[in-house]
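In this document, chain identifiers A, B and C correspond to the written order of the chains, with residue numbering beginning at 1 in each.
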Amino acid sequence: MLAYLIRRLWQMIPTLIGVVLLVFFLFKYFGGDPAEILGGLNASPDQIQAIRDQLGLNLPVWEQLWIFFRQIVTFEWGKSWATNESVANLFMTRLPATLTVMVPILLLDVLLAIPFAMAVAAVRGSLTDRSLMVVTTVALSISFLVYVIVGQYLFAFQFGWFPVQGWSDSTLTNLLVYTPLPVLLAVMVGLAPQMRLYRTFFLDEIGQDYVRTARAKGLTERTILLKHVLRNALIPILTNVAVALPGIFVGSFLIETFFSIPGLGREVLLAVNRSDYPVIQAVTIYIAVITMCVNLVTDVLYKLADPRVVLK
Amino acid sequence: MSAVLAAGSGAPAASGGVWGAAWTRFRSDRVGLVSLAIVAAFLVLIVASASGLVARGWQQEVGVPNAPPHFVGPAPPTESNAIAQPTGPNVDISDVDPLAPRYKEWAERAAQLKTVETIKSETLPFGGDRLGRDVLAKAVKGAEISIMVGVLAALVATLIGTVLGALGGFFGGKVGDLLEWVYNVFTSIPGILLIFTFAAVLNRADAIIPRGVWSIVIILGLTGWTGIYRLVRAEFMKHAVREYVRAAEAIGASTFSRMFRHILPNVSHVALVQLSIHVVGFIKAEVILSYLGLGVAVDQVSWGTMLAEAQSELILGHWWQLAAATLFMAVFVTAFSLFTDALRDALDPKLRGLE
Amino acid sequence: MLLTIRDLRVAFRLGKVAGITQRVQAVGRGEGAAPGGVSFDLPENSTLALVGESGSGKSVTAMSILNLLPDNAERQGAITFQGRDMLAANLHDLQRLRGKDIACVFQDPLTSLNPVFSIGEQICEPLIKHLALSRRAALERAEALLVEVGLPEPKRRLASYPHELSGGQQQRVMIAIAISCEPKLLIADEPTTALDVTIQRQILELLGALKQKHRMSMLFISHDLGVVGEIADHVVVMREGTVREQGPVAQIFGAPQDLYTKALLACRPTLEQRSARLMVIDDHIDGAYAGTQAATAAVIKDASAPVVIEATRLSKSFWLRSGVFGRREFKAVRDASFTLRRGHTLGIVGESGSGKTTLGLTLLRLHEASGGPQQGRAMFEGRDLLALNKHEMLAVRKRLQVVFQNPYASLNPRFTVAQTLLEPMLIHAIGSSTAEREARALSLLAKVGLPESALNKYPHEFSGGQRQRIAIARCLTLNPEVLVLDEAVSALDVSVQAQVLNLLKDLQDELGLSYIFISHDLAVVRFMADEVLVMKDGAVVEQASVAQILDAPREEYTRKLLGAIPRGYRAAA
């Protein structure tokens, strides 16, 4: 196990270097001149030169790259160009809000999709199954935007069941008052594709030989479904959750923008609109690191789910 | 001789390989045919829109602002709160008015110019937006942009994913490792974030790639190839050790021939289904990008920009732009999704006994 | 009578075309009395074998007893088990019988066992359900069962997972699960087909012993007459869904009445003596070979024919990952040496993992991509095959060709037969025009016994045996001298196998081809080969002429291999 972990950590390094290179060169060659952005529209050429010197833009490329690396490793990101807030601080304060919304969404999506998908797989081929498939297809064809716009309008504005927008400092208040509507809408939209996907997993497992053996042993259909099939289907489900997991750290920028939730997703969107490069670069690289770590943890946890896995 | 088989004792079947068999299967799927018809109708609409036959004048303000749809009827006239105009002739101030001598001259000149008076209609087929533009025309034009972006981006992503997947899956070794590294780099960054990064950068790169359909196609294509790469690579790895490829090597077929003349036709149905799935995904992504202002340029319309406008209109009770954009998008995406499902069923190799 | 089946018919619903439900009849053809459904009786404490080739309906018949068929199956007729009507039984009653009074063992133990549960857990399931044992009691009984089926280290194995066991061990576990509740009837569906010959012998002996001890009846399904002859008391021969003949085993083997049964018995290659040709079922039925088997003495090959390939100390290894960053070498073939003469057939025999396939593929330089070093020399036409560069190898490829095992994977599904046959000619510039090449392709098709109309068809329109013929034709387009046949007939039914083997022999006589014939089936090797190489774990164990290997083997392993082969029915001495 230790050998496996060491090897995986070692393999992360080239990937990380790749991400850093990608971000660096993308912004350098396509992103326009940072000095001009910082200087604003009315800066004189002298002022722009001064900014360039300050940012070290006149140094040779590899020196700039080296400085970039150093900054990442020492968490020294400097400040946001728009708000002058330290990027590290930005990260720390925005992440909790994002997680308060995203974690319930992921949990509810998975926990609801599994029983629904199992129930549908149990009645495969019937009218219920086929009509449900058509309904989900139609539901999926409507953009998430529409659901949020209409949802916010109906449930918050017209009926007044939830607040239209808002956020507070207390996590409990947030969970009880401000997250229900966004979570409800996101789960509603996310449930359809999850259910369809999990349904295919269950159908695949039901067609396997070991199900025939289980029947030959005299087990009831219910036991077979809930014990044998579910346990095996959890393997691809776990893969699916693992792929979605890094995404919760970025959060849903749409939800956060619509409901004015001060999360990381909204920050990124603001940064994109304002061409606030330090923020975008920092978030990208740190999320990449988080993603790699989450992947490593789930790969190890995989061994618990699937005994056939050999960590090598 | 005893080794000879009687003529015609082989399994009887229709000749005409994969695609012929798939078409026969597809033809018997009614849902698939209907959805294909709808998709085809949309494509005709797009071609008509792109060539200017329909919806050419979508930017013209042909209706009153927020004109309701025909079947709803014209909006009731709003009570004007303007100050009541006093009756009687104007006060004559020509003795203090410095411009007074020139009025006559200007009046004569104005009479020579022609002005076009457009009568703004009270209602439009699907209603009008806040500037009075025809929502139906916008929806059609938006369809053209959104669908074109979706299809082109899917083509780009599929091309990249297939070529890289073929190389990675077939060769393995150093080439495979290099491509895996690229894949890992791109997938370490969650999709939306990657799109945002590219969008932020291209926002400022107007000189190199102007904002518009092609910038979004590039963003989506360059970020969306990873799923296809994974699948095509797995397929190539599976097929590269199959005996028919070994047999091809045994008779001396070249590497290129083995990859693209032998294996690729066996894998193309996977790529085709992925293409269709990505078309839907990219259309939805484009809508969101345009909504956020990161998509099409300001002088273009897409379903996303329509939704952006619709949000503020909804509070005022004007629902028709939202309905139009949603309806058009829902019909097309549903039809395309059902078509993709039918296509996948028709191409399913297990049922044809080819695998 | 334990089990009675009368006039059983099974059909599968395939969906509707133009409003009419399509069905395919799997068991029992035709309406009315005869030829009708399947009928037979199974008394207590005896073994009945259902024999037939693929598509005969034997598995479907057995699975319909417990209704383990897919949802779209429709059964008709009568099945009675201990007086109970099985067709009328509802699901609840069936579930009480399954695993308790009637148990099953299936063909592929790896997929038939649930990969995520431990062995112990899977054995305990029927014990807890049917015998209401507590968990601890069930585990104790499970351990006892593992001892009974001969699994080494039973206590440790309770916590193991299926993939950690070998094929033979997995099948023992399946048997343990099946006998756990002391069933009256054991249905064994091709339980040894996927196993090596020596392991098969062990499992058959185990089944026999268990049957004696527990006084069980066994319904044994197989396509292998050798196995059937050894273990069955009664035999039912099926073909295309109907029963052709049934009776006591002595009668079926000694005095078969039905033509198909006779043909089936006759067209197996035997270990005893080598014949010039094998019987083919249709010929036999048509009476083309009247009388006894044509056991003419085999053509003696010229022992001083020129040497075509001389291999010296061939070795091939693969890299396996080990430790953090290292790798270790896995030697798949070690120091193999042999000589192949023109017009002769060299048989390479061994079980799975012996390295026989690797040897063949290494000779043809088809293992390059997987890395790993190779050593030794293989001289062909004065040059070392292993030392040629890519360009030289291309020219040599014309003379060395290969036919693979799996007929369903060796032809490109997207190519027509014409494309498959023309491709080698195009690569090596044979023939000066398309018309000439097509003419050549047509003549080759005729030579392998396929009609002209095959040219524009796709592989999926052909049966397994026909596909192998196309693969052979593809090799012949290049006028090769040496053909490597890698288990080329192992995946074919017995009757089809006979046809292809006859074809290969004819081609060898006509064109002077030399064969390297890789197989695990010694009887087939007896029929085809002149010299034999026996391999185990990558090394050559014994090497001699075929007569010597099969009649007077010197090595222990060769003797063990010969002893493990089922001989069919021997009249009690």
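We adopt the following convention: contacts are C-beta pairs under 8 Å (C-beta built on N, C-alpha and C of every residue); 3 or more make two chains touch, one makes a residue touch a chain.
A quick note: this is a predicted structure, and the numbers were derived from the prediction, not measured.
The touch graph of these protein chains is complete, with an edge between every pair of chains.
Two chain pairs, A-B and A-C, are compared here, and A-B has more C-beta pairs in contact (counted per touch definition above).
Centroid to centroid, with C-alpha atoms defining each point, chain B and chain C lie 52 Å apart.
Taking each chain's centre as the average of its CA atoms, chain A and chain B sit 24 Å apart. Averaging C-alpha coordinates per chain places the centre of chain A 50 Å away from that of chain C. Of all residues in chain A, only 14-16, 18-19, 22-23, 26-27, 30-32, 37, 134, 137-138, 140-146, 149-150, 153, 157, 246-247, 249-250, 253-254, 265, 268-269, 271-273, 275, 277, 280, 283-284, 287-288, 291-292 touch chain B in the complex they form.
Contact residues on chain A toward chain C in their complex (touch as defined above): 3, 6-7, 125, 208-210, 212-221, 228, 231-232, 235, 305-308, 312. For chain C in complex with chain B, the touching residues are 17, 277, 280, 282-283, 288, 361, 364, 366, 369, 371, 394, 397-398, 401-402, 404-406, 409-416, 423-424, 427-428, 448-451, 453-454, 456-463, 466, 471, 474, 478, 499-500, 502-503, 506. Residue ranges on chain C touching chain A, taken from their complex, read 66, 68, 71, 91, 94-100, 103-104, 106, 108, 111-117, 125-126, 129-130, 161, 163, 174, 177, 321, 323-325. Interface of chain B with chain C (complex): residues 1-8, 10-13, 15, 17-18, 28, 172-173, 240, 242-244, 246-253, 262, 265-266, 352-355.
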